[in-house]
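Reviewing the structure listed below.
Per-chain residue numbering starts at 1, and chain names A, B, C and D are given in the order in which the chains are listed.
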């Protein structure tokens, strides 16, 4: 387990071509802007990006698509970035759509050692095709598998020196669960405070889930 | 050709759904989709109603005015919003835990099509230009009450069908359907509860492909 | 959904004979002392108690056993209260042992609408006998079902008037997940504060999961 | 008959396991069971080691002195403990998420029996008086490294067996076994890595029912 405070570019050097990368955020709120920017600059390629959406065309995660760094997407809502449908239709990328709640639960499942779980979501729809189904108490459920990643790029508001994290408003979204689900979790934070500064009751992500903390350069 | 203008239709639908919530004597937690559903909030005047947004907030306030905008405080439609007293934030797994776990009293969503078996189609029109499902499938499965807000027809074509043609979002999950022309409850079949003052039942039947029953207590929509 | 601040005895009146009751706590930390006391006094019977343990003999939840109010137990560690083994061996109560992590996850599952999930815990042991197993990536997992309840009795530190909750140190334990898993959740709190007093970022249990708040009489 | 007194044996085992952690150059998260495992904390002098307790705390400090006792701040053995800077609290599902999800670097647990297939029996001695499993099964499955701390024999009877007689806690989950007489690694089979200075290998074999290999780098236990 790597655990230290480091510069954004050094943090990004832990990503390899072909990695499965989770990125926190919902729309343009709560995604780690500078980590994504650095990843775009790095030119790392054949990435599988696991995220709620892909930002907007050429903005945020959209940049990685413009740069041809993406091999596959796993996520749930790409209508905010029409480039995605174009790239998919032309066969440039693979896309796996997962209902948002199943997506969130599958990420958490990976983090907590649950390989698969049953959910009522998508039962009877096209998105459950080919999946195992099972009836509990007369209702049909779909078996969904955990979603793992090599690296998670997350955004938090404040970290202490160990990597305990707190978040800011709706920028929280997928960040705490992605922190749990990757082999290496890199957190971009606005501020790093001394150990013991954060109230133990207020910590949202315990440092056990965070490997690298990197401070945002431009606030 | 249009019985009611688009703008009037949207407002009527939003107001009629708000009526449901304005009657609540106990606390209710609701989730509002994008479009007409978001407009419902403008007509709610009951302190018992709390809005949940699936991107991780309970107690969503009105849309933010220019001076209040915080790009890290948005609703699921990516619009900047405000806080209400007692609001709180949580991660996406907890948010959909609330939804899937049956803790949301009602969800208001738009739809492309509805059918007489209570199926809802609202996540995709297969045309190669769309690639997204969002939280729609979780919401229709999980919310205690699923209220669909939509225009009765689309450019003269029926949207309330015998059988959905578009890929469905969930199986028989509809509880209530509000259009500018009618209010239906669904209980194994569509039941017409209210009708617009501008039309009669024969006109409504012509504009509706689905079979429906007529409630013995049929009323006029009154908003 | 009932939602109000009420007296402890009135709160307990929502419990019926034969109910499945979850009770938070681990050992003698974090269990709702006065709710349990009131339940013992109420004489409600044939209860199924879903809790980590059963306190100590005649103390805390142990009192319900002394009072013959218990029909069945679902939990994981009863060695701190030897009365439980005695009652079980004499056929007075049923006991279902669940590994502690599976117990916690199954309670959360009930709260979040997951009917069942796979876990590696207990695979190959006596506690997985009769359960469905499945292999993922060469490793064996056991299918475990959600644990639901009629009523959850939980302890929190502070509530606001809506029922948003924060906890105190290791008294948190099972309380937040039990709040999610019951039809009716009753929280015993040390203090009730006006709406808007709790920082929205610090709330651990959103009020959506809490039906009744009752203030502890003796602090 | 006893080669080493009970008290000395317990201290030696705890000290030897602490050595493993005192060498860590990176942060390690460990979970300590009741009994000898708890004593390990007394001999750790490395700031990189953080203790997780499955009842919902990361960063557990020393046992509380009389004046510090807070009944709502305990470890999984129900003992009052203290906080360390940077500690935090979480619910039981998150706590076992850490454990089951493979985020705990090592767990130190006691055991009734160990066998040469790496099985651990530590949750029940069927006698009708015990009714509890606790977090043992989750810990042996989930922790990256499972270290068993136990006396080599029980009243002269072997505890390191060819095959566990008691109900097992997990299948082949053992990584390291420390007794007052020996240190074994497990890698498909038991490998003797260290032996107590008081005995030779023949004596150890007599006191151990299980088959084991001897490491080419065999050392004396040195604590």
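Here is the rule we go by: a contact is a pair of C-beta atoms (placed from the backbone, for glycine too) under 8 Å apart; a residue touches a chain by one contact, two chains touch by 3 or more.
Here the structure is a predicted model, which means the values were calculated and not measured.
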Minimum number of chain-to-chain touching steps separating chain B from chain D: 2
Pair joined by more contacting C-beta pairs (A-B or B-C): A-B
Inter-centroid spacing, chain D versus chain C (mean Cα positions, whole Å): 29
Gap in Å, rounded to a whole number, between the CA centres of chain D and chain A: 35
Multi-chain contact residues (two or more partners), chain B: 89-90, 93, 96-97, 99-100, 142
Chain A: positions in contact with at least two other chains: 105, 108, 112-114, 119-120, 167-169, 200-201, 204
Chain contact topology (line, ring, star, complete or other): other
Complete list of chain pairs which touch one another: A-B, A-C, A-D, B-C, C-D
Chain B residues touching chain A - in the complex, by the definition given at the top: 53-57, 70-76, 78, 89-93, 95-97, 99-100, 128-138, 141-142, 167-171
Interfacial residue positions of chain C with respect to chain D in the complex: 26-30, 52-53, 76-80, 82, 84-85, 88-89, 95, 97-105, 107-108, 119-127, 140, 167-177, 204
Interfacial residue positions of chain C with respect to chain B in the complex: 1-3, 108, 110-114, 160-162, 164, 180, 195-196, 198, 200-201, 203, 206-209
Touch list for chain B against partner chain C, complex: 26-29, 50, 52, 58-59, 83, 85-90, 93-94, 96-105, 142
List of chain A residues in touch with chain C within their complex: 105, 109, 112-120, 134, 136-137, 139, 141, 145, 166-169, 199-202, 204
